[in-house]
Amino acid sequence: MQNTIPDLDGFPVIIELPVQWGEMDAFQHVNNVAYFRYFESARIAYLEKIGHVETMHTTGIGPILAAARCEFKRPLTYPDKIFVGIRVSNMGTDRFTMQFRIFSQKLQKIAAEGDGVIVSYNYRERRRAPIPDEVRQRIEELEGRTFPLSHHG
Amino acid sequence: MQNTIPDLDGFPVIIELPVQWGEMDAFQHVNNVAYFRYFESARIAYLEKIGHVETMHTTGIGPILAAARCEFKRPLTYPDKIFVGIRVSNMGTDRFTMQFRIFSQKLQKIAAEGDGVIVSYNYRERRRAPIPDEVRQRIEELEGRTFPLSHHG
Amino acid sequence: MQNTIPDLDGFPVIIELPVQWGEMDAFQHVNNVAYFRYFESARIAYLEKIGHVETMHTTGIGPILAAARCEFKRPLTYPDKIFVGIRVSNMGTDRFTMQFRIFSQKLQKIAAEGDGVIVSYNYRERRRAPIPDEVRQRIEELEGRTFPLSHHG
Amino acid sequence: MQNTIPDLDGFPVIIELPVQWGEMDAFQHVNNVAYFRYFESARIAYLEKIGHVETMHTTGIGPILAAARCEFKRPLTYPDKIFVGIRVSNMGTDRFTMQFRIFSQKLQKIAAEGDGVIVSYNYRERRRAPIPDEVRQRIEELEGRTFPLSHHG
């Protein structure tokens, strides 16, 4: 998708989702839990683009969500359409940080921002693993930059 | 669990669940979708008791939900605790019908009733399969009755 | 949306939804509960078109879901896009039946079908109410037919 | 509930929840989104204890979740029972931080930890409001300590 939303500039992957009526709770706003589902859908779209789901089948090394965080800026309500931008903001040897931002079409404003830490995990050996080289490379291509190796991820 | 709820007499399996605040929707009642999650949790508890999940690993024959139905009798609200009774009401060669009933502790009344059709499926051969004998037997033990073979399930 | 899916001919309202990865369960298919969320989203879209949500504010008479049913025809998996068609198939004095059908873009087949009963309810007087005339009229316009009065809904 | 779990010492409110089968995703672990629902259920239990939901009706001042964060320590699977401890760790003039911890009965280990920021909001005047005195007092009673006023919350 060609991005035409200035607030999402710099996010190489953007997904579009309808707000569903049933995502609202008794306070008549979209429930906080739904934002983490939106984030997940964007994350999966990104992980597919960098082949990190495939590597799980070929090398046994796949992604694990180690932490997630969201700041709720403005309440969302049905009906609306949201655009979820996602990017990698930081990369270590065995983990990277993904940042996401939710833009509301109805409000024409950022509704939420957050991030998550993805750890590279060897499912066969049941321990952390370095990020596979091809995954690292595809992230750098997608982000249009290189990531200096840091040990903090 | 020893059943002390007359409305759930005749249900050999009963599970207990807390109503969660976040299950309520903008109408300030528990959303219809949550009832199907309650039903599922009861169904899984029953399927485990009859070993129908194990047979999936040993014989490749497991259960598939082919249909589900719910009648919403009274709205549920947080806080409450519900008791979900479940039983097999009908059994054919390759399918059986499970009936469920949701009882609200707060209302002291039946909140919902419904049923679902479980088809026995051979995941290896990718087609319907007769209900494994041991599953049929355990259902009959649990229900304290025999089921005449019918072709309608 | 102009319908170009023969399987959804005759459904005056069709919504489009992305299948989300997180809607899949441990069997790696979209969980049954998600279908009822899809159905709800289509139902709300229809109810808005016929003004049945507005009448709740102006006259206190709104819709209540009294029953819901779904037949799961083919498993859905991520990624996919679905089209949910919805129509009124039957109308009584205080209730109507909505039929829905889920079409999978990936499978190019019907994935599920079902229906639900909507009861017209006077929230101020806390009892069933006749379907407001303007709602009945808009349903008939949308469906392009009249509904003979029946007492069974 | 009398706490007998050393890992939850110091949490004045603890709720108990069954892990539901349908909360697992295609990776066959409880999906990350479910943890935020668990957190919400604990938060609501705490907010009720301190009367912060009531103040919304009497004074128009109620709680809003401004941010939420979770660290996933160990994967949860069905069947299991979890205990969610929750406490206030920090309090400012118009906001406080709630910390939560999820303990798995099956693993006998901490499965997740996180926190959230609650902002006190005047729904009538549509702006932030100081935490009502009685709410502040009940938090201090519940936590068995006083909170020095900070402007960072």
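The first chain written gets the first letter, and so on, giving A, B, C and D; residue counts start at 1 in each chain.
FYI, contacts are C-beta pairs under 8 Å (C-beta built on N, C-alpha and C of every residue); 3 or more make two chains touch, one makes a residue touch a chain.
Owing to the predicted nature of the structure, the values given are computational and were not obtained by experimental measurement.
Participant: So which one's got more C-beta contacts, A-D or C-D?
Facilitator: A-D
Participant: Farthest from chain A in C-alpha centre terms, which chain would that be?
Facilitator: B
Participant: Please tell me the distance, in whole Å, between the geometric centres of chain B and chain D computed from their C-alpha atoms.
Facilitator: From the centre of chain B to the centre of chain D is 32 Å.
Participant: What's the distance between the Cα centroids of chain A and chain D, rounded to whole Å?
Facilitator: Their C-alpha centroids are separated by 24 Å.
Participant: Where the CA atoms of chain C average out and where those of chain D average out, how many Å apart are those spots?
Facilitator: Each chain reduced to its C-alpha mean, chain C and chain D end up 36 Å apart.
Participant: Two-or-more-chain contact residues of chain D, please, as numbers and ranges.
Facilitator: Each of 21-22, 31, 33, 37, 40, 78 in chain D touches at least two other chains.
Participant: In their complex, what parts of chain A are in touch with chain D?
Facilitator: It is residues 31-33, 36-37, 40, 64-72 of chain A that touch chain D.
Participant: Where on chain C does chain D make contact in their complex?
Facilitator: It is residues 21-22, 24-26, 28, 31, 33, 78 of chain C that touch chain D.
Participant: Which residues of chain D touch chain B once you look at their complex with the stated criterion?
Facilitator: Spelled out, the residues of chain D in touch with chain B are 15, 17-18, 20-22, 37, 40-41, 44, 78.
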